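First, the structure itself, so that you have it in front of you.
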């Protein structure tokens, strides 16, 4: 590289991200995630948006204001102009969720072609999570030490047995594509995963969410807080403000909030009742209604009173 | 068809939409839109969601509640299970916007292969819209009668001249692919357009919006109110409530609303000020700040007070 | 449904496919695949292609000729106008390959939300395949009875143990999302899978190929020969002729074939040699060269002589 | 940038492409195309493919052989690992074709937001192409000087008039979004266009083809020969050999070639006849049959005899 090229590259590279190129961030007992390469920066988001707006508008918006505007109004195409390529090691169970995001390019380690990676996600005694009662697809709290120890022991033996059987099949000359069929879902796989920033934000908004499964959430938080934040700090701020930390209110909810703000409790209750939110059990308590309960959580978030709980 | 098949089809067809299959809805001076075929219904959204949830959960959710839940939480894949195919005639200028939606299948009339459709979108004297001052990509109000007449006359002559030149090129043996090069953008084209319901809702949320250009908005409103509403009435209701009529509040906005609801004006102002929303001009009035202005509109929608406008 | 509607539907439905709607075709020991719904037919491919070609061209092409033309020249959009929705039960290991096809809509059975399906793909003693020597990702031949019996026994025990451990975790109150982590990849899952005909053909061309893994090939063959063939018989014929049974020859290969046909062996050998295909081992035999070997197979297919094997 | 970073970047940048970053290649009378940024190289294709193949296989394949293998067998995902972002100025008529490729990210200059670019694609007297007789969507030869002059004159006047009318609308305060409605399709637009290498190769295979319209072909050839060739020279070579210069033969065609190579003319004729290729007119000449004619062209390419033309 000569000096002129350094200058050229300097203007399109992000030093904070170049600094961690190739550096693996560990996740879970044996997983990792690292940046292989990327294209674009906060500036390229602005640059792409401005080709839409034509010349002469550069002074009107500051970069930061423009990026926040794009995020707020879901003008997504300028964010597509940034691209990142990651390399990661993930348990197959987690990968099953990951791969559901279709707008990415993927090259995964092939257990048809090569021997399965000799590592599985192990669970420590204090990591066994209890099924949530309220949320059919969630967990809350942890198993006690005794049960934890028992489950971890069992898991260790199962991992070991599965791997022995896999190895025996391979040694017996069985095809790798078939020998792998009974590996546990906790077996690690590796992949190159390339995605644009718009679709990555969409992935993060779903997978950094508190309802996402813990394992994929751990990977997502590394991607968000260690990688994207370094890469496009202004877009990341906007994402935190307008996506991660935002709440959406439906037309009905806005109507009820309007009545609340006018101190018109009666009409607020009427709207809620018409929506079927206020049906009661025989004992007079409100029946469970998911839509109403979620609205109550959003009202609590903004310290609003809740007409039917006064 | 024998009777058994009638029964089978009965369960997967939507009578209200079958009734208008092939019927063109007119749009603009010479455009139209009509349904060619479709697959799925409100019931197939539910059916697809329930394969995810497994057996034994049918009683818990009513169909309506489930569809609203899916819409609210942007669980989009069940909506992808419905598909619709439309046939339309649209000015090329409008088509240029339409085709930006990439997740659809398209077959467009080819002016390389066939003669260009002999029709252009004409503008009546009272339809000329004035450039909006506040919104660089919008319009407000209409030109007066005198100017309208003048512009319409000019347009008529231009359409006529362009078509004459096109025809002369064709008669001179020029290739259709080249002869068309100077047709006005107002020339009509036709297309088959096939899209799933999730992506159609996304299209409609952008193109039924008041900021969308009038022409494409007219098509979108037909699609929404005449077609989708007949096809999947429950999903349409949820879409109107949770998308068309909803508002999203950022983390910062929620924080400020929280202070407002606690009657803590001082902290509300502080938060706004830290965000740079309250900078003043020399005359003491607030500088224009798009983010703050949009928040004010959302606060007005719910009849909330606005701390800095008290 | 009244009579008029029957007629309308008659023209857009395919009786041969309506006849098997919902009927499951069994695959593997406990899998199946069945059609839930579809949209379009051979006629809609033609209809969509003709909107591109405009009016007045209907007589020129017969439907069959047009569909073959579209397939031959990879004019893919008219095939996208047909859509099909399948429901299937597939081992997760097979599903891992399936889901790599991104242009489909999917709703999969959730083992976070519900108990894992209590079935795994079992392997009979005579079904254990031997690793291919020549193809790193293939198999050839089967294990003998003794080894087969041993491996099947081991598999049965492993399946049973894995399921016991899963059940014990569930009974201990462990969250379903975590309890499932060590299920074997052979565990069955279910999904609704919706895809357009163009992308389905692409899927089939890869997964009906002799290099595809046996398990997914069995599903693909059902889809192709039992479903697509009934649905769009003309397009299926074209697919068999122009995709499944076709061969592509590179520029270099065409050049060599040209020399062969002119009986110019010398130049044919020169071209091959320049490409590095004719390097020899010390014993005078040709070194292995994948590109040359694949060309030889294609030449054999057309009974051509092979200059370097004369 | 410090020295360590130079080294790091050196390994992931392609000097030959960095050399032309930002440099516009002129196309047509006022268009251009230039590279804004890119990610990846020949080496990243190999790197991504090798994650699939696992460790220990590096020596087996040489990079060149591996890339050619991937191209030949349409293993497309490693090519997706390279990404490029271009900036171009293109006539809207050409852009209408361009934008049909859906797997790209696009930011186009907005004529709602800004004044339309004041330039249209003009046609010189010797550039008017004559409609092809044999190919409904093609051209062959050029108009003579007299007609060329006449048509160019007419075009110049039309461009001038259209622009005057556009300007008068703008001066009259008409909204930009409406004022533009009668601009000729030859008006230039600009866009940022970002696409991965696999999809770019697909674009090039269609748009560098001799059947593509001249205008978009000129852009494609710049992309291919001036940009992609510099960027990924090994992949480009493979693309030229296995895509641009290749021919595909259908099952039927392979069967006939097999008979030809066995000097079994009788059976070759029988196969062709059964396919309906040999129907005759009253005067004994062969009826036109597109499939047969295209096969004849492919047979001529390899200097094969053609049984029915002996």
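A, B, C and D label the chains in the order they appear, each numbered from 1.
The rule we apply is simple: contacts are C-beta pairs under 8 Å (C-beta built on N, C-alpha and C of every residue); 3 or more make two chains touch, one makes a residue touch a chain.
Values in this document were obtained by computation on a predicted structure and should not be read as measured data.
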item: Same-residue or different-residue interface between subunit A and subunit B, half as cut-off; value: same
item: From subunit A, the most remote chain by mean C-alpha position; value: D
item: Between B-C and C-D, the pair joined by more C-beta contacts; value: B-C
item: Inter-chain centre distance, subunit B versus subunit C - centres from mean C-alpha coordinates, in Å; value: 37
item: Subunit C and subunit D: spacing of chain centres that average the CA atoms, whole Å; value: 28
item: Overlap residues in subunit A, where contacts from two or more other chains coincide; value: 53, 106, 108, 110, 113, 136
item: Sites on subunit B touched by subunit A in the complex; value: 53, 65, 68-69, 72, 136, 240-242, 244-254, 257-258, 261-262, 290-291, 294, 301-305
item: Residues of subunit B touching subunit C in the complex; value: 1, 5-6, 8-10, 12-13, 15, 18-19, 21-22, 36-40, 44, 47-49, 51-57, 77-78, 80-81, 83, 85, 87, 105-110, 113-115, 190-192, 194, 196
item: Residues on subunit A engaged by subunit C in the complex (per definition of touch); value: 91-93, 96, 99-100, 102-103, 106, 108, 110, 112-113, 120-121, 123, 128-132, 136-139, 143, 147, 151, 154-155, 158-159, 161-162, 165, 168-169, 172-178, 180-187, 213
